[in-house]
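Next come two complexes built around chain A: one with chain B, the other with chain C.
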Partner chain A sequence: MQLIIQRQPPYSGQNAYESLDLALAYTVMDVECALLFIDDGVWQLLRSQAPTTQKSLIKNFAALPMYGIEKLYVERESLLTRGITTSDIIDNVEVIDSEACRELIASTRGVFAL
Partner chain B sequence: MTCLHMVSSLPTSSAFQRAVKSVRAGDTLLLCDDAVYAAELPSINNVLVMQQCVQARGIESPFELADYQTMVDLVCQHEKQIQWG
Partner chain C sequence: MKATIVVYSAPITSRAPFHALEFARAWLAAGHQIERVFFYADAVLTGAASAAPPRDEFDAHQQWELLACEHDLDLVVCIAAALRRGVINNDEAKRFQRPAYNLGNAYRLGGLGELVEATLMSDRTVSFGRHI
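Let's look at the complex of A and B:
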């Protein structure tokens, strides 16, 4: 399995979209992949996002299971330090603690940090 | 799986702090560019710094120095690498 780590907030660059492209490219190649949101990457998951000039990230996230990407993880500590609660973020994301996060990174064959 | 963690931003950056936090037993942390300003990292056994980056900045580093050949060897010795930024 490949792991894509998101550390950057949305809408300040192409980072978030590029990681989605990467995730879809993996599935086209039949490679299993998961997404992990840590640090400022957790801002990408806010359900209240309503971009006017850019594509909506969360609509893309909602469509990921259709492409076979069902593993979305977020680190609890990163949410807490930013005052984000689990009800603020989109539904299909599993909240994991820091230790689980480290284990996920350690057990994955390839890791791509953005 | 052993991992080579590489980081090139300042020790005060979130990328650096995340890299330090992610290192597990058996892993190695390689500091490049602005990351070479780091002082002691007592929680990690294997820390190396790129010698060229230290020399360019005119500083002294408490860590073992690495050249490009060492970097290539490290990549080969570990099962995977993460570039934290």
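Let's look at the complex of A and C:
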């Protein structure tokens, strides 16, 4: 499995989109891929986001299962320190603690963190 | 052992292309091979032959070109990321009717599939971004 770590906030450049493109490139070639959101990357998951001039990340995330990306993880500590609750973020994201993040990274064949 | 090297961050504003180059030199010196070097996100600027840093500063474009010529390396610049940032080869310049092209001769444009393919064929994939 390939793991793509998102740690940059949304709408601050191309980072979030290019990380997603990378994930899709792996699934297109039949390599299982998961996304992990840590640090400021957790802001990408806010359900209330409504961008006016950039492509909506929410729409991209909603389409991920169609492309075979079903595993989205978010680090609990990153949410807590930013005052974000699980009801603030989109559905189908598994909240895991930092210890579980370490295990996830260690058990993955490849990790990219743009 | 075979490695794929991935670079994410730009020359000048980050040290990623420099660190990646140092790693590549050490890896080759240890008798290993490099399957492909893939420049993604802001690192695509490494492919721009139009950059002209002062002589006493590190020239990522030129240094990677030298290493590639010496070891016959495959330097691939992500086409989608490159076109967004103004790194373009002759074919794409014609296609998009742009006044000039700037991709260096030692580099070629390619898709993300070539990164995936290279990582699957390598024993190791080592990536370099702004965080290291």
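By our rule, the second predicted complex is superposed on the first by the 114 of 114 C-alpha atoms of A that agree within 3 Å, B and C clash if a C-alpha of one lies under 4 Å from a C-alpha of the other, contacts with A are read in each partner's own complex, and residues count from 1 in each chain.
In this section, a contact is a pair of C-beta atoms (placed from the backbone, for glycine too) under 8 Å apart; a residue touches a chain by one contact, two chains touch by 3 or more.
From a predicted model like this one, the values you see are computed outputs, not experimental measurements.
Of the two partner chains, chain B is the only one that A:98 touches; chain C does not reach it. Of the two partner chains, chain B is the only one that A:38 touches; chain C does not reach it. When the two structures are aligned on the shared chain, A:46 is found in touch with neither chain B nor chain C. Contact with neither chain B nor chain C is seen for A:90 once the two complexes are overlaid on the shared chain. After overlaying the two complexes on the shared chain, residue contacts for A:110 are found with chain B and with chain C alike. In the superposition on chain A, the residues of chain A contacting both chain B and chain C are 110, 113. By the touch rule above, chain A contacts chain C in their complex via residues 14-15, 18, 21-22, 25-26, 28-29, 31, 110, 112-114. Listing the residues of chain C that touch chain A in their complex gives 6, 8, 40-41, 80-81, 84, 111-113, 115-117, 119-120, 125, 127, 129, 131. In the complex of the two chains, the chain B residues touching chain A come out as 1, 3, 14-15, 18, 21-22, 24, 80, 82-85. Touching chain B in their complex are the following residues of chain A: 5, 7, 38-40, 98, 102, 105-111, 113.
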